[in-house]
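Have a look at the structure that comes next, please.
The chains carry the letters A, B and C, assigned in the order they are written, with residues numbered from 1 in each.
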Amino acid sequence: MARLGPSVREAVLRVGAGELSCEEHVASRLERMPRMDRDVHAFLHVAGEQAVLAARELDQKVKRGEKVGRLAGIMIAIKDNICVDGMPATCASKILEGFQPRYDATVVERVRREGAIIVGKTNMDEFAMGNTTTTGAFGPTRNPWNLERVAGGSSGGSAAAVAGGMTTLALGTDTGGSVRCPASYCSIFGLKPTYGAVSRFGVIPYANSLEQVGAFARHADDLRLLFEVISGHDRRDSTSARERGTVEPPAMKGLKVARIREFFGEGINERVRERVLDASSKLEELGATVEEVSISSLGYALAAYYIVAMAEASSNLSRYDGVRYGASLEKGSADWNAAFAKTRTDCFGAEVKRRILLGTFVLSAGYYEAYYLKAQRARSLLRSAFSRAFKKYDLLLGPTMPTLPPKVGERMTPLEDYLADVNTVPANLTGVPSVSVPAGFADGLPVGMQLMATHFAEETLFRVAGAYEEVTA
Amino acid sequence: MSVKIGLEIHCQLTTLRTKLFCPCSSDYRDKEPNQLVCPVCFGVPGTLPVLNARAVEYAIRIGAALNCKTASETSFYRKNYFYPDLPKGFQISQYDKAGGMPIAYDGYVQLERKKFRVRRIQLEEDPGKLTYEGTIEKSSYSLVDYNRAGIALVEIVTEPDFESAKEAKVFLEKLRSTVEALGVSDGELEGAMRCDANVSVDEGGRVEIKNISSFKEVEKALNYEILRQSTFTKSSDNHVNETRHWDERRSITISLRLKEGEQDYRYFPEPDLPAVVLSEEFVERVRVETPEVPEARANRYVRDYSLTAQVAMELSRNAALSRLFEETVAIHRNGPDVANWITGESRAEVQKTLMGPGRETLPRRLAELLAMISQGKMTRVQAKEVFRGMLAKGESASSLAGQVGGVVTDEVVIGEIVGRVLRESGAEEARTNPKAFNYLVGQVLRAERRADPRVVAKLLRQKLEPGDNS
Amino acid sequence: MTKPKITVEQVRRLGDLAKLSISATDEERLMGELSSILEYFEVVDKVSDDTRIDRQTEDPGDLRPDEVAPSSPDRVMNGVPQRKGNLVKAPRVF
């Protein structure tokens, strides 16, 4: 596993100085990719030719003595629900088979502009609905640390590609933990930014009010760099935040951290708890004061999250009717009701259908108030509880996932599956930024520590994650 | 028989340049299919809506003209339903329940002595357009043109305050002239204004009529529906709420026989669009920039310039004439005088001039002409001639005045003509009847168009006095 | 088991609304699955209706000036599964 290695900034300096031929580097890594990815299955599409071409252009730029971007020559993988001009974007769904967007998502535009080399599109749970990357139509992704285990999800392909050394950086999306969960299971750094910090333009939505594009890296500083590149206001996304001045983050010494009591309670794996408590002690050694806080409205979080996410998803997924893009079934002369239903029934997977039905239900007449509106009220309660907590503490801490990565194919009921998201969804409901930091191993499987900060305080997260990385790596 | 009719009007904002949520041109009429489309209005996954600022302003204009309150904050909702012409499987619209707030609400329109209440005014996007090969019934598939998809619509919903089809029609015509005067829509364009109606007769079931293509059809459809429902008054069918379709060809309404509760639009807040704050300053700026509707303008003319209601309305209905009037009256401060010249016998020529290069200078030139008349430098008869020359040639009143000669004030010269006219026409009636008197003045002026009418009148009066036999 | 939160008729109706066909065997299974999830969701019942729903974002959205940008039919029409000339082919509606 490529836990260590040079930082992205170092590599970019070498590229800029012409010490390294990008083309050779990229070509040789791409050549090894099929073998490396045979068992893991992180990629749905490898952009071999385009990547080599982009690397060659970069080399020529360096030769001409031109300035290179902040990610020059760095390989980056893109989750398959983020649009890259001229590459497929299936969301791991049969319903988008054949769909090739002819535009770049804003985040893709930004990494390209900084010289990053896009190596391909990564596997995911179908339409990002899951935490295992096993629900997609094109087979599961496996954990590079242990091929019997899942890589986590829904951005499992991106996490596994970074952890497996197939790419340096990767982008994913995090609607309820979809970056942090696989980052935790794959022992890398994963960031879910503040809601609005990163443009969603070009991201095929699962639940618009909850999700953000997130980043994967092997070092905290790489995560910071990638965040700096992809964040910023975008006029094409009305929910994108205006630029804010940077606030000097608190120093490590005297940093006020609170462990969330609810995250260490019922349902947590004992070995996971030990590892995360160890990590929390490490922060104390680094000069932080660690207390415990209880946030009772967290009891609503998981239900509120699933109600809102499913409601939005049921509407987002209505556009897939087989008329304008993607799957086209032979419909004969069926009327439109039957034809739409045939396409959708044949091409959506079981979990997607379940969430569409539930989302339809919670919005339907007579149930909207009891489910959707109540969930939004619960969300507001949680938001105020979080803002109270962040008046007192710089960081909130807990395990990213309550358990170790399950086995591929392990039978669970849908509800049991949802329960694994209990610690990650609060950041999405409240919009605060959150990272998952590798916190060692239990029974040979990775454990992740989750840190949350107040809105737009990503820098605090990077500092603490970086300090922790330095003393533990 | 008691009839209650409510209207739901969809009005395209045809004067906008772009669609509601993307910068594609909104000029979709007579274009090749699917040329005015982009990933946003085609509903391509991953794209996001960005609201057209001017659409918001135009909706506020309509709201203000219909005496509505303007929301301080307005939000968008998704209306979820499937149809092949709907790119996203939902329509971005607004909603007035569950915390939703349309742009404008609680207004009314006054027609004669009756007020018709307007419940709400909101923005939404138009779907695409379906066509068929052959007929809709026989075609084995449909064909979609998404050029219209995303065009900005304002939906205007009234309370059920109309008691006849006629009232509804008058309201709709008034609405059309209002949106035209506001500069937000050309209601004459095909499909620019569409109307659904709901009708209930004698407290019976509420029947929605959809698919009424033009305002002409509205009256027909409503009259048909009122007749149909009133024949059911005694039967049980009368209490069914249903949706019916206006079949224009056969001039009847047909039940759509929807399954019970089939339409459930599952409205919820559009998560891709934050609420729009309509600050007082913003709304005020929109109001200032809003063209006056004809009624308001006419009232102002009557109040400020002492015009008669009829002349005021005649001017107000035409934006160019109104502008000419206001610019002229700013120089020559005699409202009725200015208005009479503009709306008088040369009106057609005036309107023609207002479309040409002479438009800019016309107010100044007309004011000069009117000043010359009041200063006695020109008679009205002469002035009419000068005015026609001015309009045709674009010259000033003073430069044309020479061509019609000066004003004759010589009492000997005029006295001769007055004597001749009196001999020819007789004087008896003119002594008591002002009309006959004016006729005589006219006869004198006909004989000498340069004669000063004031002198003519003076001499005539002298000669008509009893005892004067000269 | 407690009373299901959703009936087979409701499952069928959700399928109609969402344009998903549900087979007779799936109806029963879904009724069970959806019911247990909905039962879990009912925890939000305890939230008071007096709780105000906040805005999700602090910043107002950007409004767009009414200025035309060229359309891009090529970027969308090339991916249409079935076309007839410039028109998009869709199932019949009658």
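Worth pointing out:
Heads up, the rule we're going with is that contacts are C-beta pairs under 8 Å (C-beta built on N, C-alpha and C of every residue); 3 or more make two chains touch, one makes a residue touch a chain.
Remember, it's a predicted structure, so these values are computed and weren't measured experimentally.
If you sketch which chains touch which, every chain touches every other chain without exception. Overall, the chain located most centrally, as judged by its C-alpha mean against the mean of all protein C-alpha atoms, is C. One finds 23 Å separating the Cα centroids of chain A and chain C. Note: centroid distance chain A to chain B, computed from Cα atoms, is 55 Å.
For the pair chain B and chain C, the distance between mean C-alpha positions equals 41 Å.
Touching two or more other chains at once are residues 39, 42, 44, 50-51, 82-84, 99, 140-142, 144, 264, 266, 271, 273-274 of chain B. Residues of chain A in contact with two or more other chains: 99, 102-103, 209, 235, 238-239, 314, 318, 321, 323-325, 333, 336-337, 340, 360, 364, 373. Residue positions of chain C touching 2 or more other chains, listed in rising order: 17, 19, 53, 56-57, 59, 61-62, 64, 72, 75-76, 88-94. Within the complex, the chain B residues that touch chain C are 16-18, 23-25, 32-39, 42, 44, 50-56, 82-85, 99, 130-133, 136-137, 139-146, 262, 264, 266, 271, 273-277.
Those residues of chain A lying in contact with chain C across their complex are 98-100, 102-103, 195-196, 209, 235, 238-239, 241-242, 299-300, 302-304, 306-307, 314, 318, 321-328, 331, 333-342, 344-345, 348, 353-354, 356-358, 360-362, 364, 370-371, 373-381, 383-384, 413-415, 418, 431. Chain A contributes residues 81-83, 89, 91, 96, 99, 101-103, 105, 200-205, 207-209, 235-239, 311-312, 314-315, 317-321, 323-325, 333, 336-337, 340, 360, 363-365, 368-369, 372-373 to its touches with chain B in the complex.
Taken in their complex, chain B has these residues touching chain A: 39, 42-51, 78, 80, 82-84, 87-90, 98-99, 140-142, 144, 261, 264, 266-268, 271-274. Residues of chain C touching chain B in their complex: 16-17, 19, 53, 55-57, 59-69, 71-73, 75-77, 84-94.
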